[in-house]
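Here subunit A shows up in two complexes: once beside subunit B, once beside subunit C.
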Partner chain A sequence: MIDVLISAAVLASMYGLIAIGISFTWASIGMLNLAQGFIFTAGGYTAWLFAQYAETLGMEGPALSVGVLVFGMGGSALAGLLVGAVAFLPLQDRANFRTRSLIATLAISLMGTQLWLVLFGSQNKPLPPIFGEGRFEIANAGISSQQLGTIIVASFMLAAVIMWMRSSRHGLQMRAMMMNPLGAAVVGVSVRTTGMRVLAISGALTGLSSVLLAQVFFVSPTSGTQPLVIGLIISLAGGLGSIPGTVAAAGLIGLAEAMTARYLQQSLVPFVLFGIVVLILIFRPRGLGGLLEDVRE
Partner chain B sequence: MSNQSQRLIGRRAYRPHWPVNSSRVFKRRRWPGTKRSILKLSGRYNPKTLRREMVLTDKKPLFWFVGLLALLLLPIGVSTDRIYTMFGIICIYAAINVMWTLIIGTAGLQSFATLATVGVGAYGAGYLSVTYGLPWPAMLIAGAILGGVMGWLISLPARRLDGLYYALLTLGLSEFMRNFVTQSDALGGKFNGALFGVARIVPSDLLTSSTGQALLYGTAFIALLIALGVFRWVNGGRTGILLRTAATSKEDEAFASALGIDFNKERTRVFIIASAMLGFLGAFYATYIGGTSLQIFSLELLLLLLAMIVIGGLGRPEGAVVGTVVVVGITQWFTDWGPWRIMLVGALALASVLFTRNGLFGLKDQIREIRERRKALHRAAITGRYAEYLPQQAPEIGDKSEIVGRVFERTLRARLRSWINPDLIAEHQAKPMGQHSDHLERMLNYFRKAPIPDKYAVYCEVPFESYRVVALSGLPGVPPRIVDDKIYPTLDEAYHAVFLRRVNDLRAS
Partner chain C sequence: MRILELQGVSAGYGPVRVLHDLDLSVNAGERVGLVGLNGHGKTTLLNTIVGLTGWQDGSIIFKGEQIGGRRTHGVGRTTPHIVRKGIALAPQGDAIFPGLSVRENLDSGAYSGATWRSRKRRREKVLEVFPPLAKLQRQSAGTLSGGERRMVSVGRALMADAWLYLVDEPSLGLAPKISVNLVAALCEIDLGDGAMIIAEQNVPLLEGRVDRVLGMHAGELKLDAGESLGDIPPSAGVHL
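Let's turn to the complex of A and B:
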């Protein structure tokens, strides 16, 4: 039972990072960033490049781990800015922004996969283990250091971002844009600057989850699809724009996936997840914590 | 849009027309079993020759006919394997895109479940065929039924979710399907998800000959025709008309339900019809290539299909078909470019989102609008004279010489106004009648030709004693009205008073 909970927590923390990125972006600038998969792989590849370089330098231990994390997040943040420059800035004040930016981000993700294919080939790239190889015993259940590290780092980053959103000046600007974009613009919050900032931050969160997920799976051109899809349905089930809702939905989905994989079959996981999300959305069409849509309309 | 209604101003769109024998009664041809006419024709008298003639009001069917004929004949004419493969894919993808257009455009549901439905049809029918030896006609029916059931299932959340939420929910569906197929043993999990040995429409021994290839291509073309027929049947029918009321926004939906239109029901119906058709196409695809693979569930293919629709123009069947020709043309013809050709397609899709309003088929209207705006600006820049009477601004004035007259009047008044000064008024006061200076003479001439209603005149109460200023009514039998209570002892003073009033009016105009 405990090991199910642990793997649920690991899944939830990784998916939650992506989902919160999507949710933030949607709530503050009204853009559904479906290039999140591209951003995800961008982080993975940057971290891999750094790891290759660090190997030639003979870097090891915590320095390597921190470097991989930082470079993964940085690469994804840059990719987020790139997406913003292509899909957000030119379209932001045009008619039909939502649909057009959606299509633009999809086009970016179509091109992104091919770009990685050209640059890095189709082989899987492994990242060095950043949390060591150890195992701990907690209440009769084993937890690997990788799982523990994932949970700790993800929740730390999440807490940091939420704190920053709550207490900093920039966070205030973002929250203002989430509540009322027009009102925020009227009182002098720059939509473009804040939007780019949001994209960079959600990119960094995605990059972090990319590095964490690459501990289990590898980095490959199409490795962003699955996290994107799961992130999408979590942010959907959590209510786009609501952080508590998204965290709750991530926990729920992670638990459901872990339990289905354990007690039922791995092949049923997609259907269980999809069914849960559909159920949530049927009873709460705006998601678990969603209030925002009324404001946006 | 613009070829349906004639524009009032500017160059008119060419419409094919031909003389008719007016002694014979015209019989309108209609599609069998329906009241829809095949060609939209209307009769008129030729404005120049005054002969009776027939005009084709809607040129679209002609373009469709020519385009589809080219699509059918080109591969058969060239008749190489590569061309057949390419155009077969074009036909099938175009059919899928047309159905997707039906869902996005007509039903207004932003669904990404297209390929998932196609895949369900393909895998379901393929599985039935491989396991139970289903022949191909039964496979097509099974595919349609599976697709319809799938459509019904995924349309359930659509009643509660709107727009983008639904898009997000359905985007993941393909990925889930792919996972399911990979991990299920029954559906060919052993061959990495591929299914072989599905019954084929054209017998396998024929396939190597060019006749067989042509036949196979013909079946794909027929699938496209069926899809287009379904599109026209749904979109042009009652359902389509009802849904167009609730097409674009929340307000429209409120309006539609106020009219008593159950748009959710209609949407679901369209969605299920389109999904059944997608399942049918999936089954057809399985029989066409003799199997299926997991590629059908890949996000990349879904994005490619979306790129086709976006490049052609969202919500239009012609956009879906032409976009498919462009994209499949690129991806199948330049195979040696590798990933770069997909990048090119992505770049095209991005460009059409960033720079065009609605893909290739929105380009015409967009360019025309830009040109009209440029023209108007240019005309306004070269002369201020007609600026406020540009045809765009004064479309209600039918007689263009009226515009010229008004502009002349305006400039004339402006010039006369600039001549008003105390000297001129003093000159008139000194000598109202007789020879005047040039400026005063011109001004008086202008005053004289003013229209009769409200024209000032001098009224003689007692000759040589009292005169008053009156304004004429301009109507027979209606007496002039007295303007004020001033009485002028001489005729010259009265003349001058009238002059001053007219000068005042000129100043005020």
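Let's turn to the complex of A and C:
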């Protein structure tokens, strides 16, 4: 049972990072970012390139780990800005922005996969283990240092971003823009500048989850598809734009996936996850966030 | 000193033209009431100043700087840029942030770096103007009553370090007693070298409280009266 909980927590923390990015982007600029998978792989490949280069320099240990994390997040943040420059800035105040940006980000996602295929080939690229290869015993269950590291780093980053959103001026602007774009413009918040900032931050979080997931699954041209789908599921179930809702949904989906894989069958995981989302949306059309952030319009 | 000078300003939405070649100037220290019936362009005039209309044309000079000009698309794209120069708008319909607390809503009005650092002092001043908000600071703004929301919206505008305050229909939808208090509070604020334009349908609310009254009719300024409202001609289209 403990090992199921551990793998649930690992999955939840990785998926939560992506889902928060999708959720923020949707709530603040009204763009459902289907290029999140492209952004995900961009971080993985950037980290891989760094690791290749660092190897020739003989770099290892904590310096290499930190470098891989930083380059993964940086690469994805840049990819996020690129998506913004192509799909957000030119379309932002045109008619049907939501549909147009959806199509634009889908196009970026499809082209991105081909781009990685051309640049890096179809072979899986491994990243160096950033948390070492140790194992610990907790309550009769083993937890690897990779699992422990993933949970700690992901929770720390999530907590840092949430704290920043709650306390800083820029965070207040972002939350204001999510609630009322007109009100935000009236107090001097530029949708364009803040939107690009949101895309960079969402990108960095996605890049982190890319590096963390690559510890298990390698980097490949299509490795962003699965995280994108799960990220969409979680952000929908959590209620787009709600931070506590998304965190709760990430926990729920992580637990469901871990339990299904353990007690039923790995191949049933997508059925169970989509089933949960359908049920949540039937009974809580606004997602779990509607439970937690009760707002009267 | 001139705070605001509009010359030949037209504005509208799509094919609809709401403002027709309008001229207006507001001096430092002046509190101007903008009266007129619904649908005659009061809100559009205020929105034009901050670039929130569908399209606009004509010169708008704010403290010697041109903030107008011709714009045919991009509703609100220039708005953040303009308000940061020192214009604060309390828009019609409030546009408050329902999921944020009252305090966060007020703080969001103190946008620029320097203003942000002095937000605590500013917030205390706003709470002096609107004492009922003091107890509600931690409450989510979405749960407030209509009058409280209006106070938050106007209070947020007052948080800014602005030279020009634009208040759109402060009494709209409020109980008479509450709206009297709100407008009275607005008219007691010390403007210093700044200025304020209050658009208001309920003309008697402004009686004796503003320095000048402008009447709007069919997208044009028809009347420029002093603070006495008694001698407004019926032709001005302003019904008392």
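By definition in this document, the second predicted complex is superposed on the first by the 289 of 297 C-alpha atoms of A that agree within 3 Å, B and C clash if a C-alpha of one lies under 4 Å from a C-alpha of the other, contacts with A are read in each partner's own complex, and residues count from 1 in each chain.
Operating definition for what follows: a contact is a pair of C-beta atoms (placed from the backbone, for glycine too) under 8 Å apart; a residue touches a chain by one contact, two chains touch by 3 or more.
Computed from a predicted structure; not experimentally measured.
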{"item": "Superposed partners subunit B and subunit C on subunit A - clash or fit", "value": "fit"}
{"item": "Partner chain(s) touched by A:49 [first = subunit B, second = subunit C, both, neither]", "value": "neither"}
{"item": "Superposed model, subunit A: greater residue contact from subunit B or subunit C", "value": "B"}
{"item": "Which of subunit B and subunit C A:173 touches, first, second, both or neither", "value": "second"}
{"item": "Arrangement angle, subunit B at one end, subunit C at the other, subunit A at the vertex (C-alpha, nearest 10°)", "value": "60"}
{"item": "First (subunit B), second (subunit C), both or neither touched by A:186", "value": "second"}
{"item": "Touching partner for A:270 - first (subunit B), second (subunit C), both, neither", "value": "first"}
{"item": "Touching partner for A:70 - first (subunit B), second (subunit C), both, neither", "value": "neither"}
{"item": "Contacts of A:100 with subunit B and subunit C, given as first, second, both or neither", "value": "first"}
{"item": "After fitting on chain A: smallest Cα gap, subunit B-subunit C, Å", "value": "11"}
{"item": "Subunit B/subunit C common contact set on subunit A", "value": "297"}
{"item": "Residues of subunit B defined as touching subunit A within the complex", "value": "110, 156-157, 160-165, 167-169, 171-173, 175-177, 179-180, 182-184, 250, 298-300, 303-304, 306-307, 310, 338-340, 342-343, 345-347, 349-350, 353-354"}
{"item": "Subunit A - residues contacting subunit B, complex", "value": "32, 34, 37, 86, 90-91, 98-100, 102-104, 106-111, 113-115, 117-118, 222, 225-226, 229-230, 232-233, 235-236, 240, 265-267, 269-271, 273-274, 277-278, 281-282, 285, 297"}
{"item": "Contact set on subunit A toward subunit C in their complex", "value": "93, 169, 172-173, 175-176, 178-180, 182-192, 293, 295-297"}
{"item": "Residues of subunit C touching subunit A in the complex", "value": "50, 52, 73-77, 79-81, 83-84, 89, 91, 94-100, 104, 107-109, 111-112, 116, 140, 142-143, 156, 160"}
